[in-house]
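Order of writing sets the labels: A, B and C. Residues in every chain begin at 1.
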Amino acid sequence: MPYEVQTPVFEGPFDLLLHLILQEQVDLYEVSLATIVDGYLRELEHMETLELEVASEFLLIAATLVELKSRRLLPVGDDLDLDEELAVWEERDLLLHRLVECKTFKEAAIALQVLAREAGRSQARVVGVDERYVGLMPDLLEGIDAEDVRGAFLRATVPKPAPRIDLEHVAPIRISVTDAITELVQELPRLGRTTFRDLTSHLAERLHIVVRFLAVLELFKKGLVDLDQPRTFGDIGIVWLGEDGARELGGVGSVEDLSTVDTYDG
Amino acid sequence: MANSPDRLGDDVRAEARRAIEAIVLVTEQPIETGLLGQLLELRPAIVEGLCVELAAEYEEEGRGFQLVRVAGGWRYQTHPDQAAYIERFVLEGQHAKLSAAALETLAIVAYKQPISRAQVASIRGVNVDGVMRTLQHRGYIAELGRDPGPGQPALFGTTQAFLEQLGLDGLDALPPIGDFVPGADVVEQLEHGLRPTAEPLSDSLAQLDGADTEAAPPGDGS
Amino acid sequence: MANSPDRLGDDVRAEARRAIEAIVLVTEQPIETGLLGQLLELRPAIVEGLCVELAAEYEEEGRGFQLVRVAGGWRYQTHPDQAAYIERFVLEGQHAKLSAAALETLAIVAYKQPISRAQVASIRGVNVDGVMRTLQHRGYIAELGRDPGPGQPALFGTTQAFLEQLGLDGLDALPPIGDFVPGADVVEQLEHGLRPTAEPLSDSLAQLDGADTEAAPPGDGS
């Protein structure tokens, strides 16, 4: 079914996704993946300047959508792997959680706007005291001399660090699935057996965790790790099998061809 | 009730009311009940009672102004129903409207403060540097301190000016965030839109038991 | 009498009274009867009559404020018998020291006058309306005129009182500001901002240059 993504200006990937699902009533199942991804790519092209962090958010969500979509195209039944299945649902839940959060604040913003509009109908009196009392006011400049004024001027006109230099927030978003895999390939052989929770316990950004999750899935697909989840929603155990393990299991994976994982061939 | 203004002598009471009217008239920021009490040498609870009484009186008399409690203090302001007249001559100093992006960012800061720029960005899914800067310029948000964690990012919160702009007495007067969580229907719609398999999970699990293999959903050209 | 407010319908009359109360509440300068009449679309004589009536009413009700005719216009002011409370408020209720923010604002006006509020705000990076108002009320700065450009913003400068308080003969007696070299703390702050980036040092330095020219005020106004 051909589907045109109508794109007004979207503030970001969540905005776009919320719009697609809620306004356009899009169901991943019904929509051609290619058109969704096209919509995202067009959104990227619309950006006047390519903002890395926004672009990577868009791409990451597109990747997650691809993952979810590809699930739907797989035959259900014979070779259904429950662990894998649960993992995908968990991934979906993360995305859903973010969408719900985003939607919540959109609604809150509307409420704030209403409050501001109501409050804006009134104007506060800020006239101050009558001139006859001004003489009584304590001299605020007491103890201040011309040098203090000069100092204050210099402080006020110090070149402030331009906010775009402050890139602390970019760091967590810059990670790609490839990067995460590279990290895991170094980390996992050393650990042997671990859990997804332990692997991600030091990560504060949800996005970071999602990326690691995708990376773990990739490694599993290649047969480089084995996953188990004893209970629903329980910890996901990860065991490093390595290339030997992968071959033993008839997997096709090797550490080398992981460099291409970012290009999903759905 | 010991704190009720009714217990004051008539003279003290009348004097206190007049003094409140005079002081609030000249204050440039909302004046706290505590400070009023200090100036009047009356307990804050009594001052509060008198203010509430005056406010009700103005409303009843149909005055064009109101005595209101905003950002933790009392101030005079024009009655909302006089907005049309006020707008005719108060043009300067009126702030431009906030964009949808700015409002959303402001909402996140308001409800999640103290919060770092990166955390706001992660909720909105976009870079918020420009918007946060605008909000800071307008005086609606301010740096509260630094996170002790790695990178020591600046933590932001809303200001008195924010409360005044929204006509709120305090942050606890914000409508509860729970009011804005999307309803079950919306969540279901989102869930449905993002479902990784054509059937809900329970169906898939059921299929694990029964060997009945349904045909895969028809591809759609992707 | 044709001009008597008594001839107005009750509704029109009540509405006009409310509007006068609202408008006069927020005007900084006494507002002329003629202008009020224009805003209300009523003859000045009628407006005058309503103001006189309101003033008498406040007096009779024993309000702490008055509606008075000053310098050809109407304004609210505190009742003279509340002077003791207002003096107390002025002495005790106000901050006795200039905040660092206010001093910086004052310094910018001193060195860069004539300057508009928006220009001061853009140098300080925050909204300065409140601070500028306080400085103006305290008589340290005053409106010098209006910019002929778009919007005709008010231009501010320091007053004679400011010079006297600082013991200066004139503005040229302000210490020169000269070429500014960032202090150690500034350099450290910049470094902190740069640390997390992966760019090579040369790029970072290039950005530093860019930031410099962006944030520094044009010229030094001396």
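Just so it is clear, contacts are C-beta pairs under 8 Å (C-beta built on N, C-alpha and C of every residue); 3 or more make two chains touch, one makes a residue touch a chain.
Computed from a prediction, not measured in an experiment: that's the story for all the values here.
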Fill in the blank from the handout: Most remote chain w.r.t. Chain A, using mean C-alpha positions, is C
Completion exercise
Reported most central chain by Cα centroids is B
Practice task
List the centre-to-centre spacing of chain A and chain B in whole Å, with centres computed as mean CA coordinates.
Solution key: 26
Exercise for the section: Could you tell me the distance, in whole angstrom, between the mean C-alpha positions of chain A and chain C? Expected result: 43
Exercise for the section: Express in whole angstrom the distance between the two chain centres, defined as the mean CA positions of chain B and chain C. Expected result: 26
Problem - Overlap residues in chain A, where contacts from two or more other chains coincide - result: 123-130, 133, 164, 166, 168, 171
Problem - Where chain B touches two or more other chains at once, by residue number - result: 25-26, 28, 65, 76-79, 81, 86, 90, 151
Practice task
Note which residues of chain C are touching chain B in the complex, please.
Solution key: 14, 17-23, 25-27, 35, 39-40, 62-65, 76-79, 81-82, 85-86, 88-89, 92-93, 121, 125-127, 129-130, 133-134, 137, 196
Completion exercise
chain A partner, complex, touching residues on chain C are 22, 25-28, 75-78, 86-87, 89-91, 94-98, 100, 102-108, 110-111, 123-125, 133, 137-140, 162, 165-168, 173-175, 177, 180, 182-183, 186, 189-190, 193-194, 196-197, 204, 207-208, 210-212, 214-217
Completion exercise
The residues of chain A that touch chain B in their complex are 1, 11-15, 18, 20-22, 25-34, 51, 53-54, 57, 61, 67-69, 71-78, 80, 82, 85, 88-89, 91-92, 95-96, 98-113, 115-116, 118-130, 133, 163-164, 166, 168-169, 171-173, 204-207, 266
Fill in the blank from the handout: Residue set of chain A touching chain C in the complex reads 123-130, 133-134, 136-142, 144-162, 164-168, 170-171
